[in-house]
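Before we start, here is the structure in question, set down as structure tokens.
Letters are used for the chains, namely A, B, C and D, taken in the order the chains are written, and counting of residues starts over at 1 for each.
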Amino acid sequence: MAIKVGINGYGTIGKRVADAVAMQKDMKLVGVTAHSYSFNTEAAKQKGYKIFAVSDESENELKANGIKPDGNFQNLLDEVDVIVDAAPRKIGKENIGAFYKPNKIKAIVQGGEKHETTGVSFVAQCNYDKAVNKDFVRVVSCNTTGLCRTLDAVNKKYGITSVHATMIRRGADPWDIYHGPINAIVPVLEMPSHHGPDVQSVLHDVEIFTTALSVPSTLMHLHSVIADIKKKPNVDDVIEMFRSTTRVRVVRNAEHLRSTAEIMEFARDMGRLRGDMPEICVWQEAVGLTSNAHNKLLYMQAVHQESDVIPENIDCIRAMMGFKDGLKSIKMTNETFGIK
Amino acid sequence: MAIKVGINGYGTIGKRVADAVAMQKDMKLVGVTAHSYSFNTEAAKQKGYKIFAVSDESENELKANGIKPDGNFQNLLDEVDVIVDAAPRKIGKENIGAFYKPNKIKAIVQGGEKHETTGVSFVAQCNYDKAVNKDFVRVVSCNTTGLCRTLDAVNKKYGITSVHATMIRRGADPWDIYHGPINAIVPVLEMPSHHGPDVQSVLHDVEIFTTALSVPSTLMHLHSVIADIKKKPNVDDVIEMFRSTTRVRVVRNAEHLRSTAEIMEFARDMGRLRGDMPEICVWQEAVGLTSNAHNKLLYMQAVHQESDVIPENIDCIRAMMGFKDGLKSIKMTNETFGIK
Amino acid sequence: MAIKVGINGYGTIGKRVADAVAMQKDMKLVGVTAHSYSFNTEAAKQKGYKIFAVSDESENELKANGIKPDGNFQNLLDEVDVIVDAAPRKIGKENIGAFYKPNKIKAIVQGGEKHETTGVSFVAQCNYDKAVNKDFVRVVSCNTTGLCRTLDAVNKKYGITSVHATMIRRGADPWDIYHGPINAIVPVLEMPSHHGPDVQSVLHDVEIFTTALSVPSTLMHLHSVIADIKKKPNVDDVIEMFRSTTRVRVVRNAEHLRSTAEIMEFARDMGRLRGDMPEICVWQEAVGLTSNAHNKLLYMQAVHQESDVIPENIDCIRAMMGFKDGLKSIKMTNETFGIK
Amino acid sequence: MAIKVGINGYGTIGKRVADAVAMQKDMKLVGVTAHSYSFNTEAAKQKGYKIFAVSDESENELKANGIKPDGNFQNLLDEVDVIVDAAPRKIGKENIGAFYKPNKIKAIVQGGEKHETTGVSFVAQCNYDKAVNKDFVRVVSCNTTGLCRTLDAVNKKYGITSVHATMIRRGADPWDIYHGPINAIVPVLEMPSHHGPDVQSVLHDVEIFTTALSVPSTLMHLHSVIADIKKKPNVDDVIEMFRSTTRVRVVRNAEHLRSTAEIMEFARDMGRLRGDMPEICVWQEAVGLTSNAHNKLLYMQAVHQESDVIPENIDCIRAMMGFKDGLKSIKMTNETFGIK
């Protein structure tokens, strides 16, 4: 019996989770909500997704543009087992109280919400078990997901004493024409930034400090990581470790994957839906170890902010619905994304 | 009997024509050439395309990266009816003389070559018939294709006296990390620019002057067009005319398609391969007519430089191989691209 | 006896007008207002400008950051003959009613206000006389100023029948980190755009239609202009005409002034304050005439949005205070800016 | 008796050193070389600098554009005590052998040359004494200068065990329209990058590892630094230390100096020539200390790649000519730049 899933909030994350749910054999996409009319809605309609208007205003706007909604928000809630809430920051928390608890449906919220909202912050390969049979779980943000995937692997193999990551963030998503900067580098003026503690909501015992800044690019974030580690491996070992970590892809200069732009082009060339790259990409030539008394591991990774959390949402749905085998869920999900 | 097609030059245009050929029921993609190893080649291999090394050096580089070529350039030439040459500017002309004529195979070259190279410059909806049974045809550049599609429609319906187009060009393709400008507007310092005469290689009787400049964006070109026309329509007529023109899409503010970025996002959302938008996009709200004695039509259109010429290459193959029904070819091609 | 000038609104325009007033022998900068504390205020203090707090809140914020205001807004109003209001759009109009009229002081507002606010829209070389002895005058926007300077010259010499200008606008000012687009071309979806009628608020008898769009650059606007003219000159005549027009600079490929970025660098190299280029820059190689029955003049010009209206504000002050010789005022102003 | 200085290579660095030399009371700018004609040369001429053609070809190009050279390269060499060579990478080394040694004149080369070229790599506040009376000295690159200024202060006060710096580099200089990336983050695929050892050419005993990447911005570099230190200060101490370090400026959120763009705007507002900011800018709110067993200091700084090395060149000239008091030289230089 397929898990019945609804999507509330049909933006960057919501629309991708909808497509991903539609691809899973053990899930059924009941429908998505629409707050207003836009090309997003038009594309959802073309794909045959059911569209539920969140208000009378929404319904009128949709109708005025030739789209007849398949129902309202309550109609959607009535039909689902679990809702993936991809509404803007803080709204997810409100929706749990206002709609999901009263309707007795499970819900996933995204990384814009606080850890305390659900008490469980999720990255499938780090802590799948914690979400099993839970009612409310938070899938962490793109940056936190990216750091957790690689740091968890490093920590398990080499033991992390302390980590510092500088996060060079894309200024806005590709479709966003309103936000800048056009020509500046903009540091986040808190030190350390909030991303470190957020990693610890998943990897409790990893000491991490983060620095963040924004740049005029729309494609991916890039993380420059330095980790004090307990064991001293050689570089080839580390590369091999990343290569064997799920949802991490080692990319190489030899392939001309020298930048975030070329990684995105590769995703387009591979025929990935929307040109997405949900794997965290670690540059082979940018893995280094300090040649001295201290054991410091350095590496750089690219994070596709639009898509890396999408497989996590899928695994999280399964866990919450009682599917206990995390490795199997990850494998099932990966296959639908074309991730090896 | 399927038309056997080879692709020489597996870059921005070549890789797209390969995918498009592979989608046509009446064509067979024999294979593509590789000059060097890169993620392009890796993606071609994943798709199962046969790869032909253009030189011993290419062969060695491919092998060193785990790809065994399926043959050399001559092997490819031996198996094809027609080659689509998407090599860099001027190489197409050389290849006709050096390879295609001696091997008695037909060839399409791209807009980087001069009109004189083939004597026929092609845009399917403007002059399909001219390419029928020809051995060598030039598919014009992205900008020329974009102008021809809309101006041909305007000219046929309202009669053009004179046109001026300002072409705001993307500075580099999305994957190109080497070219700028990062923060400047760069005019083409020739007046009028060469694009006007190039339009006339297809639309012989349209008087057109063009101005061109580059901006720090990677997504699409934008054309600002003003045409002196003989008849005086109203704006709704003009919009309806564009709406009924093939490979032209009227986009609207109401859909939040307010920029080149949002158009590209829509293409990704629709599930188009690589997020391509081969249709020329005319903004409904940017169609205007001057309210005076002179009949001047103004409009703005966006041109996806990576993909608008791809359907033209497909139709051109058919025409050159003797398929005489241009409208039918356009329809067949459109269906495979999801163009209405 | 020096004209006593105050500046209200110490942003992009206000701070430049302040510096310009301080450079004029026949003017005295009484002071500038501060709404909040920032590096702007810090720089004003370093220059020794008197700073007037617009509210108690402003005063407190300034004091908290170590700046003791020299008085409040009323104190400034009490001491000036004329105020240059460079407040945000629509506030200028409000300020006339609330402060300048009641205090019987003259005021200049900027191009963000409507023509009707003052009844006189000003570009010194086009209509200096209209501002003589007026109480309230509007100095038009950067784009309108740029178009008026060159079109007035063209119209006087060759007679304009009709003009179309495509205005490629910088997305945000250099210091503005909040506005985009980062990677898109964004058309203004009104056709024609409002800039055409605004030119006509100065050049009443020039028929003009405009198209506007924004690009990810911060430096200058670029205008692509096509004018139907009555006489048929040769290109050298036109270039010579622009060369002899005040506040217009003909720039050349031979000087490597091939882009807005290089023009800005030249301004920095010349030692211009803030690297400003108040002259409208016309590219010599981008002046063209159509070789046919129609007399169409094409040219491209760059407009430094931060500074081209500054000399206009200075001349406007003189005119409003009764200085009748426009040509002499322009010459006086130009000398202080280093404009030949 | 003034030190007679010539400048060879009149680009980004050369033109700034020329202006700086012209401002020093104890120096005389003999002239600058020109390789070709451009707006650079035009601005030099306007400033009254003597221009020396490096070849007959240069001379002809200058004459064709209305500039009569004041002599050739040998004429310049005959008149100077010291030459500041700001030629492209590797040419400086060649010029020492071909011209400066044979002509028995002293020479400074820039950071594009290797340390071995001169044996002395110079940052005034770190090792002024090493350049005293030397014939050939290398002033290190903008990034190395920036790291040396702050790390030297940290090391002297708190003792550095190990440093990691991630260097977010501007993709191209503001005037450079040819280089990208337009929309990508491009890592330097060597780990650690070459910048670390370069810092050690000045600060021999500081262990440092660096990671570098480029972004689509033209204004400044930004460094994210983490230093393992021996003592444990509090944050206010560290800020005070930076505040009292010469050629370092502490900038604050309260001043709205939140980005590289606003720092550059502040430099323009202060009336700095070309809008330069030769001081390294450390963000007050981005200084942090880890709250744990390890003593780790984190900070972020902005580096104006066009100008931070200019005061170093001036001090280096004095040192090489025998002026022994480094502190006094730094003070003299700072005063002419308006650095407190």
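In the analysis below, contacts are C-beta pairs under 8 Å (C-beta built on N, C-alpha and C of every residue); 3 or more make two chains touch, one makes a residue touch a chain.
Since the model is a prediction, treat every value here as computed from it, not as a measurement.
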(request) Count how many hops through touching chains it takes, at the least, to reach subunit C starting from subunit A. (result) 1
(request) Determine, using the mean of C-alpha atoms as each chain's centre, which chain is farthest from subunit D. (result) B
(message) Applying the document's contact definition, name the chain pair with more C-beta pairs in contact, A-D or A-B.
(response) A-D
(message) Based only on mean CA positions, could you tell me how far subunit B sits from subunit D in angstrom?
(response) 47
(request) Report the inter-chain centroid distance for subunit A and subunit D in whole angstrom, where each centroid is the mean of the CA atoms. (result) 42
(message) As a quick test, compute the distance in whole Å between the mean CA positions of subunit A and subunit B.
(response) 35
(request) Give me the residues of subunit D that touch two or more other chains. (result) 174, 176-177, 181-184, 186, 216-218, 258-259, 261-262
(message) Per the contact definition, I'd like the list of subunit A residues that touch subunit B in the complex.
(response) 15, 37-40, 42-43, 46-47, 65, 174-177, 182-183, 218, 254-259, 261-262, 264-266, 268-271, 273-275
(message) Considering only the defined contacts, which subunit B positions touch subunit D in the complex?
(response) 171-172, 174, 176-184, 186, 216-218
(message) Considering only the defined contacts, which subunit B positions touch subunit C in the complex?
(response) 161-162, 164, 166, 168, 170, 181, 183-187, 189-192, 207, 209, 211, 213, 215-220, 222, 224, 226, 228, 253, 258-262, 283, 285-288, 290, 292, 294, 296, 298-300, 302
